[in-house]
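Two complexes, one shared chain (chain A), two partners (chain B, chain C).
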Partner chain A sequence: MTDPLFVPPTRRQLLTMIGKAGGAAALYQAMTVFGHAAESQFNGPPKLSGARKGSTVLVLGAGVAGMLAAYELTKAGYNVQILEFQDRTGGRNYSVRGGDTINELGSTQTVQFAPGNYLNPGPWRIPYHHRTVLHYCKELGVELEHFAQLNFNAMTHRKDAYGGKPQRFRDLYVDYKGHVAELLGKSLNAGALDTTVTAEDKAKLLEAMRDWGVLDKNMAYTKSVKVGEQRGWDRPPGGGVNGAPIPNEVGTLSDTLSTQVWKEIGFYTEEVMQATMFQPKGGMDHIGKAFTAKVGHLVRLGTRVTKIAQDTKGVTVDWTDAKTGAAGQSKADWLVCTIPATILGQLDIQVSTAKKAAIRSLPYGNSVKIGLEMKRRFWETDYAIYGGHSFTDQDISLISYPTGNWFGDGPAVLLGAYPFGIGAYRLAGMTPEKRIAAALDQGSVFHPAEYKSEYLSGASVAWSRMPWILGCCATWTEESRAAHYQDLVSLDGRIVLAGEHCSYYGCWQEGALLSSIDAITRLHQAASAA
Partner chain B sequence: MIKKHKTGLVALAAVTLVASATLASPGFAQDRPGPGGNATVDDSGKEVFEQICAACHMADAKGGGEAGARVPALAGNKNLANKDYPIIILLKGRGGMPWFTDILTKPQIAAVITYVRGHFNDYKDPVTVADIDRIGSTNPPVPDCNCGH
Partner chain C sequence: MTDPLFVPPTRRQLLTMIGKAGGAAALYQAMTVFGHAAESQFNGPPKLSGARKGSTVLVLGAGVAGMLAAYELTKAGYNVQILEFQDRTGGRNYSVRGGDTINELGSTQTVQFAPGNYLNPGPWRIPYHHRTVLHYCKELGVELEHFAQLNFNAMTHRKDAYGGKPQRFRDLYVDYKGHVAELLGKSLNAGALDTTVTAEDKAKLLEAMRDWGVLDKNMAYTKSVKVGEQRGWDRPPGGGVNGAPIPNEVGTLSDTLSTQVWKEIGFYTEEVMQATMFQPKGGMDHIGKAFTAKVGHLVRLGTRVTKIAQDTKGVTVDWTDAKTGAAGQSKADWLVCTIPATILGQLDIQVSTAKKAAIRSLPYGNSVKIGLEMKRRFWETDYAIYGGHSFTDQDISLISYPTGNWFGDGPAVLLGAYPFGIGAYRLAGMTPEKRIAAALDQGSVFHPAEYKSEYLSGASVAWSRMPWILGCCATWTEESRAAHYQDLVSLDGRIVLAGEHCSYYGCWQEGALLSSIDAITRLHQAASAA
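The block that comes next holds the complex of A and B.
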C-alpha cells in the first residue's frame, strides 16, 4: 500500500463532505452547520377580519385546534361557541397532577403525585421549528423551558446485547462510529472503493475516518487516550499524583452492532427529534390553559354531540348534556369540527360520501404513558443523568428523565413508559396497577438498586381506553393519504374538519394548529364570499 | 420498531401496500418513542387476545364506551358468525381500528379469531391460515359499518 498523499481540506470542506458521506453524527453536525430542512409551514397567525355582522361559528372540540379556531375567529368578528365532550378543555393537551382523576374505559385512577409534579400523557416536547406552537406560546404568555432530548449519558438496553446490561449511549455511539470508520478505512486502503471514489476523495475520506472514528496510527479503533476523550474513562482525569486519566476498553464490533445503536443515532438526527426542544414549564397543559383563558367563556363542557346536519343556511348540531342527559341543539352559520376520526366515524354527520369514507378510513395508533414518582432524583445524584431518554426493547420502550427542577429535593416524576405498537397494546390491556408493576420491573434494568425502593406512586394513560378519543393519534399511509386526505380536509358546504388528523404533522400539536389555521382561513373565505 | 424481520408476517396482495407503515413507527414526522421497543406477541389465540385485543375491546371482550364513542364488543357479536368478517377487519382495519398485518403473523391472526369466535361466542369452527390466504387473494371490501356497533 502506498501512503496516500494528504492535502488536508479546510474544515468547512470536510464538514460538507462528511455530511454527504452520511454518518449520523456527521450528518447531525452538518445539519447544525447548514441545516434547515423543511420547517413548519407557519407564516404567522391568520389575519382574518371583517366577518359579516352577526355571523356565527360552532366549534366542536376544545382541544388546541378548536380553541385556536375560536380564538382567531372571534378576533375576526365571528360569534363563536365551542361544544366539548369532556368536563375539561385542552383535549390531548393534557397534564395530570396530584388529586386528578384519570377515567379510562374499565378503570379510574386518582393521581397521587406531590404538589408541582406532573405527567404529560399526550404531547410533551416541542421542536424548535414548530413555529405555530411557539408563536402561540409567546402570544398567550406560556412560559417555555428547555426540554432535554439528547443525553449521551442516558442508556440503551437490549435483551440480546451486552448480556442485557444497559450501556451508555455515549459509549455505543463512539464505538459505532469507530468501528464503521475503521471498516471504511480498510475498504479504502484495500482499494475496494477505487472505482467508486476519486483518488482525491479517497484521501479525504481516509483522513475523515481517522478523525471521525478516532482511529490509531494503523487506522484501527482501539483503546486510547484520544478515544477516552470521547468515550470516557476507566479513571477520569483528576488532580495531583493520580491525575492522569486511564481510558476504558472499547466495545467490540459485534457487541456494538447487537445494540442497534444506529437506530438511536438516526432517531436523534430526524428533524422533529433534533435539539433544541422545549416544554411549557410546569406541564404541557399550560398551553391549553392559555387558550382557555381567551376562549373558555365560549365553551360548553360535558356536551356530547350526537348529530351534525347542514343545509344552505347553516349547521345544526344535536347534543346531550353528559350530566343531566338533557337533549339540546346548537345552530350556527358555519362549523369547525375537531372531533377525532375515531369518534366522528360513529356520529351521524351530513357530509359527502367521500368525506365520510375518509373519516372512516383513518385508524388511530395506540400509545401508553406511565408516570412514576420517585422519592428522589437518583438518576441525577447516582447516575449523572439530567433529562433525556434511556431506551429498551421491552414493552415500556423507554424511560425519560424529567427536565426542570434539576438538582431539586423531594419527589420527582419520570416517564416510566412510552411505547406505540405492541408494547402499548400489552400495557393498555393491563389494569393500572399491573401497568405500574410492569413498568417498575422493566425500568429496573437501568436503575436496579433504586427503581423499586424509591418508588412512591404511579399514574398511567392508555389512549385506546380514553373514552373521548379511543386512540392516540391518526395513522396515515401514503396510500390512505392519496385516497382520502383531500376529501378529509375539504370544506364541505358549511363544515370543515380540523385537528392533527387533518395535517401532515400527525401526532403533533403543530399539525393540529396548522390544520386549524388552514381550516378557518378557508372557512372565512367562503363566509366572505357567500 | 416492529419486528419487520420476523418470518411469516402477512404479506398479501391486498395488504402489502400498507405494510411499510407500522403502527409502532407511525410514519412521517410523528412523535413516537424512538428506537426502543421490540416487544413480541405470544402465539396462542388467548395470548394474542390478552396482549393486543384487550387494549381496546377489554379483558372480557365486551368493549366499552357509549353510543357515539364506543369500542364494539367481540363477545356475543353476531357479525362473527361469518368468519370472513373478522379476517377482513384484521387484515385491513376499519374505522379507528388499524390493520394488524404488521404486528401479527398469519398463524396468530388465525389463532386469535378462532379464540374470540369460540371462547366469547359459540362459533366453534376454527379459522386457518388457508382462510386468511383466501381472503387475501379474493380481497373483498371492508364491510360497511356504523363503527361503534
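The block that comes next holds the complex of A and C.
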C-alpha cells in the first residue's frame, strides 16, 4: 500500500526520470498520458480496506465532506456515526424550493417558488476538472446537465460607462480585442518592439492582430461587415430582397475601457470558470441527497456539539439535542470534524495550540444569493439570453440566468444577486424584504420594462447570518496559508479536520471532497498503525 | 397591411426620428426596446391571410425552406403541393442512424451506429440569434438542448507547432493573451503610444493588460500561481497536506504564435459561433420531421423535376417519377422553387436571362462530415473533454465531441472530420472506407492511445457527391452578390426562389427560413394584387 504521507513527484520530476530512463519516445508517451491526468489531484476513491474489527469513527457535520468520509469509512469496515447540527443533511450543498423555510439570524422566510423551481444558495456549478465531484455524481447516480457560464449575449453594466446603459458582452469583447489589436499593431509597425520580438514573430503578430482584432487593411478597428459578423448589426443578415446586413458602430477605446470589460473576459478564463461546466439537474442538493441515501441512517440530526475531547484511547464529544435541550455524549476511536472554523473556533476542542490558532485565525468570506421568480422567461424571449451572467458594479454584482428548461413556459427563477465583499455585507444587513426590493431596483438596469412587472416572489440567503456557519467559505491568504494551513490539516492525536477550508480549493465542493479523502486516508493509516 | 416590399428604416434612422420627436427619455426607451430586437430580421411568422379562394402554389423541394413555405401558405388559404426529388423530406436537415443508407455518386454506405446514436451531416448547431429557427422549434414542438461550442479543455494541433504535439486550447489561449498583454504593456510603458492614447486611457490600458494578461509586478507574463489559476498546473490544487498547487511552465511567444491560436479564438467570437448555442435533442432532423408532420401529406416524394415553365396564368412543371420513370406534370398559379442552384442551373426553367445567369453563376462549397462511433466516451473519462472541438491543420480540420448524454456508458459518435476547402475535396475523393481510415489516422494525434482501439464503425457524407445537391451550400462573394443577388431573389412572373442560397445567411437554416418567409410574403402580395 502506498504511504499516504508520500508526496508524489511533480509531473516534471517524473517526466525527467522517464526521459532519462526511456528516451524521447517513452517521454512523449508519458507526457500524453499525464497530459490528461494533471486536471485534478483525484486519483479515484480512497483505497481503504481492512479496518480493525469494531473500530469506530465519529464524524461531525453531514455536509458533503462529512458524508463522503462516512461513506468511504463504512465501506472500509469502520462503524461510523455522524452528528449534524441542522435538521437536514447536505450543509452548504443545498437547494431551496417552494414551501422551504430559510432561517437566518433575525429572520425567517418561507419560499414561494412554483413547483420545480429552486435556488442553490451555496454551490451551483461544477467545473469539468473537478473530477472528485464528477466521480461521486456518477457513482451515486446524480444526473448532471450543462451549466451555461459564458454567454456572449449577456450584458455588462458599469455606472460610469456608456451613461449607465448596459452593453452586450459580445459588443464590448469584440471592441476590446479590436482596440488592443489596433494598438499593438501600431506599436509593432512603429518598430517599438523590434528589439523585443524577432522579425518572424513580428510578422506573425501583425497577422494575428489583423485577424483576431478584425482590423481593416490599414490595421484600424472600425465599423465593417467583418466586424459586424462578430459584434452584431444595425440590421442583421436576412433572407430575400432586404437580406443585406448593416453593421453597427463600434465603441471607442475610451468607452470600451470605461466598462472594465477585461475583468469579465478574465473571469471566464479562470480555470474554475471555464466552459464546459455542469450542474445537477433539478438542484445542487441532489448530490447531498445521493450521499444521504448511502449514509443518512448514520446521521443524528439536530445535535449541537459543545465539547470535543480526546485521550490516547479515543474521542469524546459532548452535545445537546437542539429540540429537547437534553445533553448527550458520543464516543469513538477516531474523529473527523467538518464543522466550519467559524463555529469550531467557539467550541472547547482538545487539540494542539497550533491547531487551535489555525482554526481561530481563519476568516470566512460572506456572500448573498437572491432568487427572483419571474412570471415568464422574458430574458430568453425578449433578449435572446439563455444562461450566463450580466455583471454590474452595483451591490448585486450580477444577475444570472437559469440553465435548464430553456424555452419553457411558466415561471422561472433567476439569480438576482451574488455579491462577495461590500455588496454582500450591505445586502446581508437588510431584511429579506428590503434585499428583494434592492435586487429588483438594481437588476432593472438590464431589463427595465420587465423586471418589476414580471416579478412573482423572491428568496435570499445571507451566509454571514446563517447560524450554522456565519459565513460563506474560508478565505485564506498566502500569508495565513504559510502560517496555519499545515497545522489545520494535520492529524492531531485521534482528530482530523476536513472540509473546503482544509483544501486549496476553498469555496468549492471539490476542495471539501478532496480534503475528506486526504483526511480519512491519513486517519486510516494511523488507525491501521495504532 | 404593411407593404412587404417596404424597406424598414435602420435602427439608427428610427432612433433619430424617435429622438427628434420624443426627446431623450423616449429615445432611451426605444433603444432598450430595439436593443433586443436587432438580433434577427425575424419579426414573427409571416402575416399572410386572405388567399384568393382556390389559389394554388407548387413548391419544389421539401427542405425546411420549402416546407415552411407550404406550412404558412396553407395556413393563409392556398392549396399547396410539394414535389421532392428524394425519397424523404428534410433536405440538408438530415440525421443518419443505424440502418440508414447514404447514397453518394459512386458509393453506398449502410450506417452501423448503435440505437440512439446519430450523425448530423448537414446543419448541427443553432445560434441564439437565429430566432426563426427557434420560433418554429417552439411552435412545432421540437425539443432543443444546449450545444457545447467553446470548450477550453479541447485541443489545438498544428503540424509545425510544439513538435506536432496537441496543446490544450486553454493553455494556448492564456499564453496568447499573456504575451499580447506583455507586449502592449511594454509599448505603453515605452511611450510608443503616447500620441495615440490619452494619459487616462493609458493608465486603464496598463491596468487591463496586467489583469487580463495575468502579468507579474514587472508586467511580464511568466509562471505563477495566478497564471496557473487560468492555465492549469503541474500539480492542481487539492485537499489536505499535499493540497498546494504547482503551476506549470508557460509557453513562449514563438511557440504560442506558431499555433495560430488566434484563429480559434476568433472563431469562437463569430456571432454565429458564440455561446449559447443549441441543437435539437436526438438529431437535427427533428426539425424537418416536425415540419413534415404539418405538411408531409402535401409532398410527392421521388419526383425529378425536368422543366419549369410559366405564362401569365400559371406555372407548369414537368417531372418524372424516380422509381417508375413515368412522366408527369403539375400545374399551379404560383411556384416557390427551393431546388439548389447547382441542380436548378441544369434544368430548363422559364425565367429572365438575368435570373438564369444568377442561378448558373452561383458556386457551392463542399464539405465532408465523418461520424466515428467509439466504444466509450474516452474523451470525457480520460481527457475531461465534454463537447467542443479540437482543431488541426490536417485534412479533417477538427474533431468534435458530442453534446448530449454526457457521462453516459456505451458507444458514442464523435464527429471525426468537418473540413471545407482542400481537405474536403481530398476526403471527398476517397472511398468511404478510405475516408474513415484517414480520419482515424489524423484524429489519433489527439487521442493516440484510444482512437483506433475504441473505434467501432463510421459513416461519412461528402456533399459534393450527394446527387441531389452536388455541394454543401452557396458560397457568395461580395462581387457575385453585387452582380446577381437581387436577380436571384426577385419575383419573376409567377416564380420565386427560396433557400439558404437566397439569403445573407448562407449555409444556415436561418437563411433558408428567412428567405422562405420573404419569398412567400412577396408572392402573397403579388397574388393578392393579381
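In this section, the second predicted complex is superposed on the first by the 492 of 530 C-alpha atoms of A that agree within 3 Å, B and C clash if a C-alpha of one lies under 4 Å from a C-alpha of the other, contacts with A are read in each partner's own complex, and residues count from 1 in each chain.
Heads up, the rule we're going with is that a contact is a pair of C-beta atoms (placed from the backbone, for glycine too) under 8 Å apart; a residue touches a chain by one contact, two chains touch by 3 or more.
A quick note: this is a predicted structure, and the numbers were derived from the prediction, not measured.
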item: Partner chain in contact with A:W233 - chain B first, chain C second, else both or neither; value: second
item: Touching partner for A:T477 - first (chain B), second (chain C), both, neither; value: first
item: Chain B versus chain C as contact partner of A:V445, first or second or both or neither; value: neither
item: Partner chain(s) touched by A:L206 [first = chain B, second = chain C, both, neither]; value: neither
item: Contacts of A:S397 with chain B and chain C, given as first, second, both or neither; value: first
item: First, second, both or neither for A:L193, with chain B first and chain C second; value: second
item: Per-residue touch tally on chain A - higher for chain B or for chain C; value: C
item: Chain B versus chain C as contact partner of A:K263, first or second or both or neither; value: both
item: Touching partner for A:L68 - first (chain B), second (chain C), both, neither; value: neither
item: Which superposed partner A:A428 touches (first chain B, second chain C, both, neither); value: first
item: Contact residues common to both interfaces of chain A (with chain B and with chain C); value: 260, 263, 266, 271-272, 504-505
item: Contact footprint of chain A on chain C as seen in their complex; value: 5, 7-8, 10-12, 28, 31-33, 35-36, 38-41, 128-129, 131, 134, 137-138, 144-146, 148, 150-153, 165, 168, 170, 173-174, 176-177, 180, 183-184, 186-187, 190, 192-193, 196-198, 200-201, 204-205, 208, 211-212, 214, 228-246, 248, 253-254, 257-258, 260, 262-263, 265-266, 269-272, 274-276, 278, 382-388, 403, 406-407, 448-449, 481, 485-486, 489-490, 498, 502-505, 511-519, 522
item: Residues of chain B touching chain A in the complex; value: 1-2, 17-18, 20-41, 50-56, 58-59, 64-71, 93-99, 103, 145-148
item: List of chain A residues in touch with chain B within their complex; value: 85, 105-106, 123, 125, 156, 158, 260, 263-264, 266-267, 271-273, 304-306, 340-343, 345-347, 360, 362-366, 389, 391-398, 418-426, 428-429, 462, 464-465, 467-468, 470-471, 473, 475-480, 504-508
